[in-house]
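Across the two complexes that follow, subunit A remains constant while its partner is subunit B and subsequently subunit C.
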Partner chain A sequence: MIRDFSIVLENMDRLLVGLMNTVLLSTTGIFLSLLIGVAFAAALMSENRVVVRLTRALVDTMRCIPFLLLAYLVYYALPSLGLNFDNWTSGLVAIVIYNAGYMAEILRGVWAQLPRESIDAGSAFGFYGRNLYLRIILPQVVLAAIPMIGNQSIQVIKDTAFLMIIAVPELTHAASSIQSKYYVPFAAFISAVALYWAMCSVIEAGVRRVERIAQVRR
Partner chain B sequence: MTDAADRDEDGLPTLRVLGLTKTFGDNIVLDGVSLSVSKGKTVCVLGPSGSGKSTLLRCVNWLERPDQGAIFLGSTRVGFRNAGGGILMTARELAQVRARMGMVFQHFNLWPHLTVLENIIEAPMHVLRRPREKAVHTAETLLKRVGLIDKRNDFPSRLSGGQKQRVGIARALAMEPEVLLFDEPTSALDPETVGEVIAVMRTLSAEGRTMLVVTHEMQFARETANEIVFIDRGRIVEKSAPQLFFASPQTERARQFLQRYSVR
Partner chain C sequence: MGAGVLKGGEWAIRRTGGSVFPAMTSADLISLLQGAAVTVALSLAGIVIGVPLGLSLAILLWRRVPLAQLIVKTYVSLIRATPLVTLGLLIYFALPAIGLQIGPVTAAILTLAINTTAFNCEIWRAGLTDFPKDQIESAQAFGMSWPHTFRRIMLPQVARTCLPALVNEMTLLLKGSPAIAVVGIVDVTRAAVRIGANTYEPLPPFLLATALYAAIVFVFVRAQRWLEGSSKAR
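Let's look at the complex of A and B:
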């Protein structure tokens, strides 16, 4: 068993490349899906019913496709529509599409619960439209949504593991290739699990830290 | 003071409310309310709870959209592009009119994600597009005035109610508004902090700010207002000078109201 772990250790460089890809995919994915979520949340809270209906349909569709299937669709089916992405980009696109719907739903839910008073004050002082959203509403929504955004971020990190099926060289892919070459499944996968755990711990520590900052701003 | 001195160059009162009616479902909250506030004057709106006072104020800047009636800020018809009504303002135009009125809320409605100073410079910078330096300078002057300059970098959650409301007043003043709207500014305060807010409001009135004040502070109304408007069940019941209103109210309802509040 100790020998198995030393084999994994010898192949640490491959594992670290996988880790780097997972970190890169996750952070870019979280950032982009949050950005799209911000736009979709505004559309979901719009006064225009048509905009709300269309966005609602889109967001629900995004959240209802199984992630694995979505990854297959982006990688195998989009090329037949003329959209060709490499493995890595396909993986990122799948991550962003899948999570943007969740992020939008998180932000919309928090926004709907936001006390009316400070938004009223924004309107009374001459804020409207995008200015009102970005300067008065969104900062409060994000501050209140931090724990939920943190949760979703952990979900994103774990979802990236699925991307090995479209040959994205991420952490699970790296662990799997080490185990299939040397047949050390336990050591290889446990090492990967430890690294996933470390990433999630970083997110949780970050959430706790930002929560402390957010506390006085509510 | 002559009558002409109360009016601006156009010869119009700063704020006019004409035949304002507002219903929520079957409930008629305001029924044909008319009043005006001349430049430099303080008008206090009194009345029992639920009489429609707050709704009146929220209709003035269209936070609630009136069902009928007209509101004029100077010569601008609030909410409509034309004085006769009919062509609605765009969101942008309405926002521009709202920015000309300063509002002070019962529950302060400060922006919790911003510091005291940021609360005051936010609208001057991002609505009026003032340069930051100028906005900060104005804000600091105002904070000194309301005695809160040492709290400039604190968040609202760290302030007492009275302090929050003084920030709320400074925030409204920073817009250099044509009229100040006060919506029961002391009703949510602990009794011991009411005084500090009232003191600020007195000096504002004394220096000739144009103010429409919904309040339950009878002493403030008696000593500061140029005119008292007494509202009950959505209608103006009495409109008179404070000396007259408090000494010899003309209606039974006003008498009852004053009895209840002077006992307090």
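Let's look at the complex of A and C:
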């Protein structure tokens, strides 16, 4: 069984291509979903009740369906709306839509806990509307939400594995194709697990680093 | 690729005459409900194994059992980073390779249980660590043995504080459960995909599946409220 790892090493290029796809999907997915999440969080905290209701319905739907179901929906329903994406792009779209809901809920939760004083001080200095949100509220919210954003990012990395089912060539897909060609299930999937673990460790280290910076700033 | 893996090309989108509600037969509906039953049954099996096993592992961490502590920590750290799909494929293909013949159902339950045990262990550990020491000391002062103290003093209180987090993890497991399709299980998601492939109208079965997941999650959350209420009444 240990010898099987040398077969995986010989096919390292395929595994690395899968890894790069997972990294690319995850980082783009995390970044874009955070951007949309920022907008959704503002909508959730808005004073317009129609906006709040609509956003709440969208966010809650995302939070109660499995990612794979949404990925299928995006993959099969978008073409009927006239949008023809390839597997990779529709996978990315699914990641962004799904996680924007979670990111919005994380940011809203932290925002609701934010002390009133800094927001009041901001409005006293003449900040209002979008400027108040982007310059005063958002930096504090994002800094305080970093651990939760980190956890969600780990979730995003793990969710990308579902995309192998719609034939996106990501890490698990690569491991699976190596295993089916050479029949080295243990070595192939353990290598994939090790790479997932390494990616998550990077995120955890990043979160710890940002937390230290946040502590200094406080 | 695995027995249950669908290929992207298996599908073709053909709109049938612009009708919003296409021909989804009652047989389709039944297969969707059967899928829901499979999702619930396998997730429950994972939970029934994972909750007590997670507690046992958490006790090992909490009592600082030397070697076991290191093993449990590594296990939790690895599983936290492993996607359910990858874990499912590993179990389904690697166990037979070392001579353990397992079927899809066993593989699915193992996958879900191994995953949720790690997260439950973290939840229980946090609950045990936060438990006030003075209560344990006073129980000991009354001459209660350690197992007795644990059963009668700690567990009832820790279980109550951990309940919301445990139920939250159960809903996360439910949302991850479609991963077991890779070992060839037909759950709600997979049933919906099949119906969509037959009718060329993926939207209705997917929306129904979404409603079913929402209903299942809702039942779990209500059960949590009910359990919390009944444990407060005591």
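Operating definition for what follows: the second predicted complex is superposed on the first by the 217 of 218 C-alpha atoms of A that agree within 3 Å, B and C clash if a C-alpha of one lies under 4 Å from a C-alpha of the other, contacts with A are read in each partner's own complex, and residues count from 1 in each chain.
Note that in this section a contact is a pair of C-beta atoms (placed from the backbone, for glycine too) under 8 Å apart; a residue touches a chain by one contact, two chains touch by 3 or more.
The structure displayed is predicted, hence computed values, not measured ones.
A.B. asks: Considering only the touch criterion stated at the top, classify A:F127 as touching first (subunit B), second (subunit C), both, or neither.
C.D. replies: first
A.B. asks: In the overlay, answer first, second, both or neither for which of subunit B and subunit C A:W88 touches.
C.D. replies: After superposing on A, A:W88 lies clear of both subunit B and subunit C.
A.B. asks: In the superposed arrangement, does subunit B or subunit C reach more residues of subunit A?
C.D. replies: Between subunit B and subunit C, the winner on subunit A residue contacts is C.
A.B. asks: Looking at A:Y182 after the superposition, I want to know if it touches subunit B, subunit C, both of them or none. Which is it: first, second, both, neither?
C.D. replies: neither
A.B. asks: Which partner chains sit in contact with A:F5 here, subunit B, subunit C, both or neither? Use first/second/both/neither.
C.D. replies: A:F5: touches no partner chain.
A.B. asks: Indicate the residue numbers of subunit A shared between its subunit B interface and its subunit C interface, in ascending order.
C.D. replies: Overlap of subunit B and subunit C footprints on subunit A: empty.
A.B. asks: What residues of subunit A sit close enough to touch subunit C in their complex?
C.D. replies: 1, 61, 64-69, 72-73, 75-77, 79-80, 87, 154, 157-162, 164-167, 171-172, 175-177, 179-180, 183, 185-186, 189-190, 192-193, 196-197, 199-201
A.B. asks: Residues of subunit C touching subunit A in their complex?
C.D. replies: Per the stated touch rule, the residues are 1-2, 5-9, 11, 13, 15, 77-78, 80-87, 89-90, 93-94, 97-98, 171, 174-179, 181-182, 189, 192-193, 196, 202-203, 206, 209-210, 213-214, 217.
A.B. asks: So in the complex, which bits of subunit B are touching subunit A?
C.D. replies: Contacts found on subunit B: 61, 63, 91-92, 94-96, 98-99, 101, 103, 105, 107-114, 122-123, 126-128, 155, 157-158, 171, 175.
A.B. asks: If we count contacts the way the header does, which residues on subunit A are in touch with subunit B in the complex?
C.D. replies: 117-118, 120-129, 131, 135-136, 139-140, 143, 216-218
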